Structure formats: structure tokens, C-alpha cells
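These notes are about the structure you will find just below.
We just call them A, B, C, D and E in the order they show up, numbering each chain from 1.
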Amino acid sequence: MEIRNLTFAYGDKDIFKDFSIYIPEGEITCILGSSGVGKTTLLQMIAGIKKPQFGEIIKNSNQVSYIFQEPRLLPWKTVIENVEFVLLDKMDKGKRRVIAKEMLERVGLGDSLHRFPHELSGGMRQRVSIARAFVIKPEILLLDEPLQGLDVIKRQEIQDLLVSLWETYKPTVVYITHDVEDALAVAYQIIVFAGQPVNVLCHTFIDQPIKERSSSPTYMDAFRTHLMLQMKKSTEIPFDKMMQMKMMQQKMKMA
Amino acid sequence: GGKSTTEQNSEQAQAQSEQKEETTSAEKQTFTFLTPKGAPALPGLLLAEEGFENYQLELQTWDQLEQLLAHLQNQEGDFIAAPVNVASTLVNKGLPLKLINVNTWGTIFLVTTDDNVKTLADLEGESLYISHKSGPPDVLTKYLLEKEGIQDKVELNYATPPEIAQMLIAGKIKHAVLPEPVLSSVRIKLQDQVKEVIDFQAAWKEMYNLDLPQAGIVVTEKFAKEHPEVIEAFQKAYGEAIEKMYANPDEIAKLAEQYLDLKGPIVKNALNKMVIKLVEAKDAKASVEQYFLILLESQPESIGGQLPNEGFYYK
Amino acid sequence: MKGSTTNDRDTITTFSAMATIVGLWWIVSFFYPPIIVPSPVETVEKAYQLAVEGQLTKELAITVQRALIGFSFSLISGSLLGCFIGSYEKLYQFFKPMVTFLQTVPPISWILLAIIWMGFGSGAPIFVVIIATFPIFFFNAVQGVRHLPEHLLEMGRTFQVHRLRMIKDLYLPSLWPFISSAITICLGNSWKTIVMAELLSSNSGVGAALSMARLQLETAEVFAWTMVIVLLGLITEHVFQWFDDRTRVGKVRKWKSGI
Amino acid sequence: MKGSTTNDRDTITTFSAMATIVGLWWIVSFFYPPIIVPSPVETVEKAYQLAVEGQLTKELAITVQRALIGFSFSLISGSLLGCFIGSYEKLYQFFKPMVTFLQTVPPISWILLAIIWMGFGSGAPIFVVIIATFPIFFFNAVQGVRHLPEHLLEMGRTFQVHRLRMIKDLYLPSLWPFISSAITICLGNSWKTIVMAELLSSNSGVGAALSMARLQLETAEVFAWTMVIVLLGLITEHVFQWFDDRTRVGKVRKWKSGI
Amino acid sequence: MEIRNLTFAYGDKDIFKDFSIYIPEGEITCILGSSGVGKTTLLQMIAGIKKPQFGEIIKNSNQVSYIFQEPRLLPWKTVIENVEFVLLDKMDKGKRRVIAKEMLERVGLGDSLHRFPHELSGGMRQRVSIARAFVIKPEILLLDEPLQGLDVIKRQEIQDLLVSLWETYKPTVVYITHDVEDALAVAYQIIVFAGQPVNVLCHTFIDQPIKERSSSPTYMDAFRTHLMLQMKKSTEIPFDKMMQMKMMQQKMKMA
């Protein structure tokens, strides 16, 4: 997936300006960046919810699945109906139910299938949203802080679920998170956003296969330290300095 | 255009009476005359203008039956003009009223804009529009149609008088039964095109040798007991006013335009078509009872289910 | 489990409300002669008499049929047009004055045209009912469209949920509070309007009967017909409320908590 | 910055809408004689004549005053009572049939009582306007109360925000879409109802003038008065819309996105 | 603050049954526990939003401030107005504004004072909610996952802010979190919830002063390992086992 010369502004506040990145297909890309930098905006443009004022997003598919930053559940539908809502109409009713139920069980909501969203706790709502996104097998999977409101154990379970789904049908995953650990656990590519308009502050590839990461902590530690530093930078660098950096980067590209 | 409010009418009446007071300097007793904006109101205008004997008359109008009821309930109105069948209904519903005179006769006509229709029989197969379902025009029309033996061969439709008149003028319908003074506006707009097929008054005269009573003036029983002299004076003055009215239709048309918001030409035209004459109740009794009998036969509710008792007619 | 008890209690409350109305009426009737305010007993007697004579059911059937035709037409066309036009600001700006126009022209002025166009049958009353209820459905639907939960729509679109399913599961439930409010208002309005329209333009139906009773100063009959119409209004309103409470949105009233 | 241009465009749209209405009317008037449908020109001429004679402003002032009194009374009492009664299910169950009752009784039946109680002045028309608009405010307010954002109320209560501030900053903005919808509907309704009520019960005001013109088959005058009322309706509606768009809730229409 | 014999159920689902804990006044108490266990419910009962069916909560004050699990902002008010909304009416307008502005600057929203909630990113909304809770000086401060949706740097800043506020006027803080690190950083007492109805799985006091914690990592590591273990347990222990444990605990108390 390629994002080319993207320009987007809210009113006169430029969020993206002539912004280009490449997101490899069939891989997991993590986006980090301080709050309010423009991560959600980018995801919404990829999903087609927001239209860029200029530039284009070249996708190889329109089959998108999205975990929004808020759960966005239909309040008048039960948990299982909320999940079924996104399943194709072509799929017959019985099958839909079976699939939805299975996915809800995998996120630990097997006993709350027929409750309404207002009867759920915050973390449970988040998990319904996760189940809804995972239940279709999309080619592009957009995750906006999917693990918020979940405890350590549930986090781990959902992450494992994500990895196993990704391994089975290899969607292109764009994954926004604030947690460097989460990014390090699954990302093939980590992008750190900063500034306004957005700049790519760092672009790291992790070549270690996901399975092997937990067994090579020192190797990962290097990435961790690097990323933490970048994150720290991202909130400290003032705008003009950012521009200078961009210039330099471009010069380097030229060279 | 023109002024139309009751408040104004009464204000003006009062203003007039104040003027009178200045000139005569005597305290005059004021009575109210409650009337629809139709024929009975016209002589009343003159009385309101000039007073009668030593009394002053204040004009108030009603045009919906609810307004009449409200007035009666609140005991407003000493002299009340109303269609005779309404008066009968009121009496039969337990409101003690007395009819002191009948002043409006024969206001209903069957008219057509079709040259081929000369008599009632020609209406066979046509549709006829009548104002007021189950009211006197309806009952009387049905009665005549029945006599003619074509009651099943004429299609009857009902609507309010203005709607019928408008459609008649616009050529949307051809035959209608309409009362005056609405009919006069049709006559003025259509001139010769509209022809009378039946003048109910004339037909009535032919059949029963009696006039067709339409509206009169009633007073409450209490008032009749307490003020016989006022009634007498009123009767006399009202009769004279009618004469003055016919003698000087232009003036009455002007007054009607000014105080009742009626159009002058229409009033003048209607004056020619309606028979306005004062007949005291005791003399009108025969005509009224004949009329009531016909109504009673086919639509008893229109007079309150029965003939009014003897006391209805003021002596 | 608890459903039936609650329902029973509701019915009791409703009946006590009606009892209050009748009580007030009774008290008022003491102060006026029957020709002005007949007592409830006289009215019921008259209604019973009308029912026995068969006039009641005959006129009522005609009126109900007309009102329902007009109401349904407005419900469908008003809501649909409101939803459609309300989603396009420009279109709305264009049509809003027109609908306000419909709403502001006094019915008297419509009646004549209605009679000319549609004659003395059921056409004119139905037309007037439509004119009276359409704007309410229209404006409420517009408000509904303007308060659609955008974040849920975005969700549905992103997941490429089928259009029909979106309408059924997302648009309709979101619009329902607005439509339901319009239905409650228009149910009442329809009965009232149909009577007035029949009174002015028709030869049949409750309105015509009422008009006749009125001209004959049969106040008890006027009240009897009025009572019939009011009962009709209360019953239809109650039935609709029952239905409304049983819809998903009604059941999950808590969804208002905006989760 | 862009405000004025948008506003200009809105005005243009509104005018083109009105032009369309007038155009349609003109076309219709070609097919009918002036006694049934007078042309816009004849109507405007008549209106001008009425204005010159002074009758227009006189009757209009009376009517506007009456309508505004009735409307304001309903707005205030209907909304307040709706909010209050709507918050208590039992109370609501009790009062709902009563308000439906008000709504279903045909105006004709109210008029008599109104005249008896209030005479022939402004009382009866104002009463009828109240009867016609009160239920709409009431039911919309009830709907509003039932859809209050519970999660925000909880927030305010937890922070022990002062009652008045809660009403001003939380209840009112949440209720506004419902009240605003009722206002739009009732503005239209008031003008229509006042005319009808005056027609039936009063000797002054636009309704009485209209009735007189109708009885005398002055169709152009009937249309002129109707036009005056329609213009009044359109203008008040527009002014209100302008105001509505400038309220906080109107401005932040995006709040519907339910954040 | 004491919670005594609390009983609460949604329908026939018991969340709390004869539940008692003590929350020391003027200290920071952290509550951990798996998603859907009843943490938010407890907080809402403390705040008075939900009424327990039985039992009582003895508070020494009713001055409560709450960061809800969702931001709960007034959509028709700007950022600064949302914060001002909870300030006392008695405070005069100018002062209100100054105080609100200052707090918003401290959470990094100084440049978004006059924007509406729908113009904010998820993390920014969360920070408005934080500013709103911190701007009044309450005696009881209830925090339901206050740091969700914030990046590492912001998290740190807000945590520092919390600690500094706590140090100045010592409110009773009840702090729900999923992140063991967050709890370890500030808590005086950590309670882990589990089961249905809720049981206290573990109750840990950390006697190290907050300031010194970062300088004694090994000491903290012991707590960390302990807590992680407890958390793991909390999602694994079935209900009947939980009851057995409770019995044992009570026996031990008796003894």
C-alpha cells in the first residue's frame, strides 16, 4: 500500500502536507506518535472515511476492517448481533451466528453473547469491537489502539489472536499503539510520527520473526531503547527543527 | 373592506348613544340585538343608528351556532334574531324563548345555469348541490322532488354555501339550492346566466297559500314577562325600519357595508329577492306551523323533534 | 416475568386518567344546561343509541378508513422525503419553505381546491389529512437525519455493510425516536383533522354527522361523536405506545446513555 | 468569514423556492376562473388594497398578538411540563391520555366552551392555539427527556455541578433538538390554528376577515389573507432557523457524532 | 474510607456479595483486575452514581472528582468550557478561566483551548477529562484508567502531575488501571480483584516512598513479579476455587 503526496488539513491546521510512506502488503506496520499528531486521521483516510485534500492512497483491496479508537457499537443490538452486523449478507444466518460466536469466545465474551452494549464493562466493549474487526477476513486490517482498557493477560491473548489470524491469511495490518512493547511484539515495520504537519521521525524494520522475539530479549532491547528515545524526541522537537530535519533527509535522499 | 368587529359595532353603537345622550341629556335604557349578518340585521342597523322610542339598541352579531349558544348561556342579547327552526329547536331543548315576530320570508331558491332546465322535472338525471344537509333547504328540496316523483333520479350533493356559490360561478356545477344573501353574490357575478328554477316562497304560496317563514326574532321568557312595553316599542320601530329600508336601499347598503362588512351591491340585490316584512308571531303562527310540519315529517331534528308548544308564540 | 404486572399497572393508570377526565367533564356539566354541556351519561346514552341504529359503525368505518389512508401516505412519503431531502442541505433549503407553506395555509383554503380536484367523496378529507400530517413527518425526519450517529455510520460504511442492512439496523433505529414522536403527534392530529375536513367538505363520515348534529343543536350527539373520536385517538395512541415499547430501541431505552 | 456568503446563498435558495410556489400557483390559476383560483397578481393587488385601507395591519396586529400569546404559553408550559412529567414514568402514564385527549378533541368542540368561558374577544382563539400547540411541545419534551444523555448527567452530578448550571449547560442543549423541532412545527401550526379559531369564534383578526371574504365570495381577498398568513409563517420560520443555527447546538451540529 | 458488606447485582448477576475493604484516607489505592470483574462498578458506587443493594460506603467527604472510563465531554462546549463546567459557580469568571487554562496547559492542551470535543483526537479528549478531574481540588479522586490512549511520554507527565497534586493536598485516590507498572509507580496499596462475585485476590502495601521507587528497581521487581502472578491467577481461577480461598482467608483471619 502506498501513500503518495498526501495533504490533509482541518480548517487551517495542516495535519499532513505532501506526506508519503510505503506500507508493505501482508505485513504488520505499527505507527507510534504522540497524542494528537494525526495517526487516527491517517487510518481514517486509508479506510476512506476521510478524503485527503490532495494526493492518493493506493490500496490493492477495498476489503477493510477497522478497530476504531472508540468501540462504536450499535446500542440497540446485542453483542453477537453487533458482530454479525458486519458479516456478509450472503452468508446464511446459521453460519453467521456460529462464526460470530466462535470469535466472541476467543476474545473471552462467550458468556455475554446476548447482552446489550450498555450492560458491558469498558474492556468488554473494546473486545466486542475487536471481535467484530477480526470476524471478517479482510485484506486490510486497521487497528487504532486495539488493546486499550484490557488487562495484561487479555492483552496477551488478543495479541496472540492477532498474530495467529495474521499468519493464516496475511492481511496488511496498520496498527496504532502507544505502547512500544506492543509494537515490538508484532511489528515488521515501526513508524514514529511527529510534528505538525506530520513527519516520519523514524522508520525501523525488525527482521526477527515474531515467534522468536520473546527468546531474544537483548536483540529487542536495542530496538526498545532506540524507539523510546525517538518517542521522547517526538514530543520535544519544536516545529522549525523538524523542518530542518526534513530538509536534511531529503538532501540525503538526493545524494 | 370595512370594519367588522363586534367590539367596534358596540363601540360605535355606544358612541352613537353617547351622542344621543348629549343631545337629549336623558338617560336611555340600552338593549342588545343579537343577529346574524343577514336580512334581520338590516333594519336593526337603522334602529341602532337612531334608537327606538326612549331606548337605545346595541347591535351584536353571531354567525356560528356556538356563538349563539354562548350568548344565550351568558344571557347576552335581549332581542335575538334566528332562523325559526333554530328557535324551535332551542325551545325544545329547554331554553325558554318566545318568538315575537317573523321578519324574513322566502330566502331559498333553486337556481341553474343550464338553459335547458326550466322546471324541476328537467333536473332528472342531473346532480344538484344543496347547502346544509338536513337543514330547511335540504328538507324542502327533497319534499318538492318527492312531489315531482323524481327524488331518486336526482343526485344530491352537499357543501357549505360559499363553496357551492364559487363552483356555480366558476361553471363547475350547474344546479344548486342556495339561500340569500349568498345567492345574490352569484347573481351579481353571473347576471343573466343564472336563472331561478324554483322560488321556494312562490312554490310554497302555490301549495299552501302561505308564506315561507325563514327567520324571526325571539326574546327570553323572562324578558317577555318583564318588558312587554319594550317589546311593543321594538316591534313597532322594527316594522317602520323595514319600510325605511325599502324606501332608501342605498342608505341601508352603506350602513351594512360600514358596520356589518357586507358588500353594498349584494345587500341591495338581496333586498329585492328576499321578502322582508314584519309579521307578529301570533299572526305568523299558521305559516310557521305549516313549515314546521313539513320539517317535522322528514327531518324532525331540524326543529328539535316536535312542534314548539303554544307558549312559543308571543302574544 | 414482570411484564404483565407492569402492563396491568399502566392500564390502571390510564383508566384513572380517563376517569379524571370524565370526572372533570361531569363537574363542568353540572354548571351548564345539557344543550351546552351534556353530562357524560347523556352522551353515552346518545352514543349507545347511535350504535344501536348502526350509524356509529357506518360513519366511523368511513372516517377511520380515510384517516388511515391519509396518515399512512404522510407517514411513508413524509418520512422518506424528510430523510432524503434532509441529507442534502441545499435541497432542504429549497423544500423547507414549501413544506412550511403547506403547513401554514389554513385548511379552509385547501378545502375548495380539494373539492374541485377530487369531488365530494373521500378525496378532499384525505387530502386535508395529508396536508396536516405530512409536514410533521417531514420535519421530524429531517431532524432525525441531522442527528444520525455519524460515528456509527462511518463504522458501517467502513465494514461495507450492505445498504439494506444499514437501513434496517442502523438508520431506522436511529431515526425511530424522531419518527415515533411524529407518529404520536400525527395520530392525534389525524383524527382531529379528518373530522374538521369532513365537517367542511363531505357528505359522510363522523365529521359530516357531527356537523349535522351541530346544526341541529344536538349537543349530546356532538359530544357523542367527539367522544368516539377521542376514544379512537386514545386507543390508537395506546396501541402504538405498546408497539413502540416493544421495538428494540424502545426496549433498550438505555441506549440513550450514548455508549 | 464564509458566513455571509452561505447566508446569501440560503436566501437565494429560499427565494427560488418561493418563486416556485408562486409559479405553480400562477399555472394553476390559468386553469381556473378567478373566483376559484385568482392569479398571484390579482391577489397581490388585493393585498395592497387592504394594506392601503389599513385593514391589513389592523387585523394582522390582532392576530399576531393572539398567536404569539398562545404559542409562548404552550412553549413554556408544554416544554416544562413535558420535561417534568416525562421524567416520572408513572406521572407520564397518567397525563399522557389527558394530553392526547386535548389533541384529539376537534377544535369545534372546544370553541363553544372557549366562547362561554372567555367571551368573543381574544380569549377563545388564544385558547384554541394553546390546545393545538401544547401537546406538540409536551410530547417532544417528553421524548427529549427520555433521550437525555445519561452518561453526561452522571458526570455533572458526580462533580456536584450547581443545578442551574446543569440546566443551562446540560439539560437545555440536550433537549434543544426536540424543542427546536417542536417550535418549527408549532410556528406553522399556530398561524394556521389562529386563523381557524378566529374564523369560528371571533369577530376580529385575520380569520374573521377571511371568513367574511369567503362568505362574500371575494376569493381574491381570501387568497390575499392566506398569502399574508403564509408569508408570516415563512418569515417567522426563517427567523427562527437563523436563530437556531446560531445556537451552540446548532453550530456544533457535529455533536451528533456522539462523542 | 470503608466499604462494608457491599452487595450489588445487575439483574441476577452478582458483582459484589458481602464485600468489604478498607481504603486508607489520603493515600493512593490502585485496583487491578481482569476486564469485566467489577472495578468500574465499585468506583461508581463510591461516587454515588450506583446505589448498592446492601451494605454501606463510609466516606469522610462528598467532594468527589472522577475520571470516567470514557471522556464524557459536553459536545457543545469547547475544551476550556468543559473544564470550567465543574468549577464552582461561586468562583468568579475570570479566575475560573485562569485556573482551567493553567490545568489544560499542564496536560498539554494549551493550544486547543477553544476547540470542540469532536475536533480532538482520542488522547486529547482523554486529557480534557483528566484536566477536568484535576482542576477541582477534591477530597476523593476516582480514576478509571486515566492514562488510556496516551503515549509513554504523556503518561509519564500525567503521572507526575497526579503525584504532585496528591502531594500538595493529599486526596484519597482510588485508581483503576490495567498496567502493573502504573500501579507500582504511585500506589500505596494495590488490590487485585477476581471472580464473580468479586474477591480480593491479593492486597499489597508498598512502603517505599513514591520518589524513591525508580531508584530501587530490584525492590520493586519483587512486587512486580508477585502482582503479575496474581493477575495471571485472577483470570485462571474458576469460581469454586475462589470460594475455597475465601474460606481459607477467613479462617486465617479468625486464627
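The definition used in the following text is that a residue touches a chain if its C-beta (ideal position, glycine included) is under 8 Å from a C-beta of that chain, and two chains touch if they have at least 3 such contacts.
Remember, it's a predicted structure, so these values are computed and weren't measured experimentally.
Common neighbours of subunit C and subunit E under the contact rule above are A, D. As a whole-number value, the distance joining the C-alpha centres of subunit A and subunit D reads 51 Å.
Look at where the CA atoms of subunit A average out and do the same for subunit B: the two points lie 87 Å apart. Centre-to-centre, using mean CA coordinates, subunit C is 18 Å away from subunit D.
Shared interface positions of subunit C, defined as residues touching 2 or more other chains, are 32, 36, 112, 116, 151-152, 214, 254, 257-259. Shared contact sites, meaning residues of subunit E that touch two or more other chains, fall at 70.
Residue positions 66, 69, 73, 166-167, 170, 172 of subunit B are each in touch with at least two other chains. Pairs of chains in mutual contact: A-C, A-E, B-C, B-D, C-D, D-E.
Within the complex, the subunit D residues that touch subunit E are 151-152, 154-162, 164-165, 169-170, 173, 248-249, 252, 254-255, 257-259. Of all residues in subunit A, only 44, 47-49, 62-66, 68, 70-77, 85-86, 88-89, 116-118, 125, 132, 136 touch subunit C in the complex they form. Residues 65-66, 69, 73, 86, 89-90, 93-95, 132-135, 157-160, 163, 166-167, 170, 172, 301-302, 304 of subunit B touch subunit C in their complex.
Subunit C meets subunit B in the complex at residues 32-36, 111-112, 115-116, 120, 200-201, 203, 208, 211-212, 214-219. If you check the complex, the residues on subunit D that touch subunit C are 10, 13-14, 16-18, 20-21, 32, 36-37, 90, 93-98, 100-101, 103-109, 112-113, 116, 135-136, 139-140, 143, 146-152, 177-178, 180-181, 184-185, 188-189, 191-192, 195-196, 199, 207, 210, 214, 222-223, 226, 229-230, 232-234, 237-238, 241, 253-254, 256-259.
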